[in-house]
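Dumping the structure here so I can ask a few things about it.
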Amino acid sequence: MMKLTVYLAGEIHSNWREELKEKANKANLDLSFVGPQTNHDRSDDIGEAILGKQPEQVYRDDAASDINNFRTNVLMQKADIVIALFGEQYKQWNTAMDLSSAVTLNKPTILIRPESLIHPLKELSNKSNVTVETVDQALDVLKYVYE
Amino acid sequence: MMKLTVYLAGEIHSNWREELKEKANKANLDLSFVGPQTNHDRSDDIGEAILGKQPEQVYRDDAASDINNFRTNVLMQKADIVIALFGEQYKQWNTAMDLSSAVTLNKPTILIRPESLIHPLKELSNKSNVTVETVDQALDVLKYVYE
Amino acid sequence: MMKLTVYLAGEIHSNWREELKEKANKANLDLSFVGPQTNHDRSDDIGEAILGKQPEQVYRDDAASDINNFRTNVLMQKADIVIALFGEQYKQWNTAMDLSSAVTLNKPTILIRPESLIHPLKELSNKSNVTVETVDQALDVLKYVYE
Amino acid sequence: MMKLTVYLAGEIHSNWREELKEKANKANLDLSFVGPQTNHDRSDDIGEAILGKQPEQVYRDDAASDINNFRTNVLMQKADIVIALFGEQYKQWNTAMDLSSAVTLNKPTILIRPESLIHPLKELSNKSNVTVETVDQALDVLKYVYE
Amino acid sequence: MMKLTVYLAGEIHSNWREELKEKANKANLDLSFVGPQTNHDRSDDIGEAILGKQPEQVYRDDAASDINNFRTNVLMQKADIVIALFGEQYKQWNTAMDLSSAVTLNKPTILIRPESLIHPLKELSNKSNVTVETVDQALDVLKYVYE
Amino acid sequence: MMKLTVYLAGEIHSNWREELKEKANKANLDLSFVGPQTNHDRSDDIGEAILGKQPEQVYRDDAASDINNFRTNVLMQKADIVIALFGEQYKQWNTAMDLSSAVTLNKPTILIRPESLIHPLKELSNKSNVTVETVDQALDVLKYVYE
Amino acid sequence: MMKLTVYLAGEIHSNWREELKEKANKANLDLSFVGPQTNHDRSDDIGEAILGKQPEQVYRDDAASDINNFRTNVLMQKADIVIALFGEQYKQWNTAMDLSSAVTLNKPTILIRPESLIHPLKELSNKSNVTVETVDQALDVLKYVYE
Amino acid sequence: MMKLTVYLAGEIHSNWREELKEKANKANLDLSFVGPQTNHDRSDDIGEAILGKQPEQVYRDDAASDINNFRTNVLMQKADIVIALFGEQYKQWNTAMDLSSAVTLNKPTILIRPESLIHPLKELSNKSNVTVETVDQALDVLKYVYE
């Protein structure tokens, strides 16, 4: 069975990654999962944690994003598939950024979004290979690759 | 003077594009500007206008985004520079999508965003060449290319 | 107005190219059109016409396709947009080949196909930016780029 | 012995894939084979199976092709070699699409086609590395890589 | 009529370039031609002419090839089409180098070679779009693009 | 005569760019020249000039380099040829950065360096197409393209 | 745990590579490290050691850089991450060359530089993903990828 | 120790490949070697052996080169390094073709050629990373990568 690496972009305030990993594991799919730092505080603080106290919020944010973008760059280049999940809350521009970058690099992509976000996500949905509403549907798409 | 084409991604509910074009014109910069359909209703309706009535909202949106993505694809490939402006309102995932796509294609990019959006846009800002707060600052950056 | 070059792939037994050019001209769109050799006999004979009589049909066909592929390669690289039209008859694997090649090169694409071909063309339709049924609809999409 | 992955595009109504795999296995070639969903009904139904009932045939087909294209995209990027077989029946535009995409990506390609299809496939044949008539000949080409 | 630039690689001891230019001009094709330095002595001497006397032949040759490769790199990137002519004499490895480079960059290519060189040039011929024996045949292929 | 654009990277404290432009002009070469901001103070100050006072030197430098890198990115993508001149003084890591970037993008390159810098620049020299010691020699190389 | 290869460009007169490897090893990170020849004399002499005595210093240097660039080319293409360290001494144009090349190839990059080099390295710092001052900080960034 | 794959292009009438493999093995380098079919008769006959008797020599050669080019395409894409050896005899345009293709793809390259071929190979030598005269010197370069 072909081994594939899946980058899980998007929402970090629910446990959808754990849910997907567990179900993929139960289905015996030979997948390994990578993704962004999901501890929100750690992600926001990583710049100052490594580079030291910054003079203002904008520099603190820039320092954190240096390192978050480095991490994403490393892991994305290893990914065979990118799945991006948008939740009902938050701006989630990082999710759009990662998904758009994956599409531009011609990586196979799955977009997961609730029905309420159909309209604002229509162009991103159109560019992605597959758009679904639930984690279970995304898992079904992954299973189909191995059929 | 070198002729350059600038794609203006982002917010379509204010007149920032007109403002930028007029000021660039006054400064005698040899720039031509392209961008998305800025008539919001036209943009949302273009799918059904060309392809006919769709059975549900999700298909109506998908039909429109087919054609909007075609348009963006045509114009973006002609652009030497991409400027993306985020306003205080709306999801603006298209703006993030276009900017991220431009960055991935190694096009020179300027991000314009109000101070209030520093935090949610930090990774996109970090990936862009230059981040500014106002249209006038973006114009200053364009002028600097011709100095 | 931005000048764009459009490659017209597909059916060579109807006059859809002339129709499209004429209508684009009337609409004052700054488009130039290129495409395959539309004289079917000339296209089939071009190998022997230049390289001389071949020993069997398979070599005659290969000689012709050398030169047809050269022509397509030259013109496709100049194209900003690719439109492919499938008719009700013929195998039209060249049309599929050209459209798929354009999609893979990330060129903006429009697929024109009659309702009867929805099913066999579903994956190609899904990969293209826009799918329409008539030449007039394709023209509407081109007009939209200039709005 | 170098391990190679071969994508088997094309006809899904005969057992040529099984035949090729078995013979490659007997010849002790270190090849692994991937390819499209070969259960025709499953392939046509996969969109509604995962995304639910669609309002019309065109949407049902588009939903299925979303997922079939995702699958192909995942497996094609892993393939070192692409073999495409055209049979005497069916439109087989997907086969042309996959082969053309492989050629454009500079993947090594073998085209298998019956004598009766020499003429309509002449340009695709010309673009592919090797054109043969039988599965046994394709196997001979694969063996030659390991000589 | 579309303007195209043609790089003329290969033999520098006959006047085939002048012949081709003249005939293309008579046929009113909108072509411009570029190519290597055709003065053999100048080509061999250009390194020392600019960089000064070198200590041995191998350094003299390396100095010349620096500048010849620079020239080819500049002109080849501007070329829409590459034509390479092999004559009966000389090693002509530069010709093979330029043609192979053009093929790898996916530039449309025409190979001109006498019948006597069919065997040693068979792989290069196979990789090129079109192989012909005479300058007139190459001109016919160019004319066909404009038909 | 083919029009070419030349990016002049490197030293900004001597007038070598003016010298080269003038001599190219006298030789009637159809060249246009672009390059970095050569006013050193303006280059260092451009970040604060546009974005406002920064809290510390490191942020002031980062703001300036945002805009300098944007400028270089815009102009470098337009360049057909890159010439980089190293002087006897200064670190000149920007010069190395621009030249290495041009080499990696496969742009034709000329390196100008004094004899005293042969050893520390040996790997960059080896990667460039041509290495010379004087502006006049670089001009000779440019002239050779037009011979 | 994902295995990653890290290319360590830069200073060869201190033991920072050993320090980093040892600490990465203690932290159980699944990293393998590659880099340039760190024996300075060997690096300078490698050309003559293999190719024999050269007539002058400039040819001796060119012969060495042939082989050093070959080595870097082999190892850089295997690297998932590039770390470049600048010390207080030496020109270090090779370090700038390697880092710029990695950035242009879109490899994830970390720049390590002392506070004293902030100003001359500002554009390279701006292009790199992350800039730090110490080897320990670079290690922290690597650890963050595995969190 | 990093595992590397080396493609050995060039001369097939001496046993230089066996010599190199044996010496690399003795030196415990973790290299695997691939290359063209070295049985000359088999290489010339492979087209007819698989595809059947062809009507003339030119078609026999074209059939063989289809399959030889397929083989090279498969193995070259797996190669981390390309070594090309030119002998004193034969046209060896395939060797020039493979080496030029490798250079264009930015693969690290070593050219082996006798002193007598310095002049006709000067441009290819200049484009390759390293040029040596003997197999032992090429082995020394490979060893240097592992130092």
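By written order: A, B, C, D, E, F, G and H. Residues from 1 in each chain.
FYI, a residue touches a chain if its C-beta (ideal position, glycine included) is under 8 Å from a C-beta of that chain, and two chains touch if they have at least 3 such contacts.
Fair warning: this is a prediction, and the values are worked out from it, not measured in the lab.
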item	value
Touch-network distance, subunit B to subunit F, counted in steps	1
Superposing rotation of subunit G relative to subunit H, computed on C-alpha atoms, to nearest 5°	90
Repeat of the B-F interface, chosen from E-G, C-H or G-H (over half of contact pairs identical by residue number)	G-H
For subunit A paired with subunit G, centre-to-centre distance based on mean C-alpha positions, whole Å	31
Centre-to-centre distance between subunit H and subunit B (centres being mean Cα positions), rounded to whole Å	49
Centre-to-centre distance between subunit H and subunit E (centres being mean Cα positions), rounded to whole Å	24
Two or more partner chains touched - positions in subunit E	66, 69
Interfacial residue positions of subunit D with respect to subunit A in the complex	32, 34, 37, 39, 42, 46, 49-51, 66-67, 69-71, 73-75, 77-78
Subunit A - residues contacting subunit B, complex	57-58, 61-62, 64-66, 68-69, 72, 90-94, 96-101, 103-105, 117-127
Interfacial residue positions of subunit A with respect to subunit D in the complex	2, 4, 80-81, 106, 108-110, 129-132, 137, 140-141, 144-145, 147
Subunit A-facing residues of subunit F, complex	55-56, 59
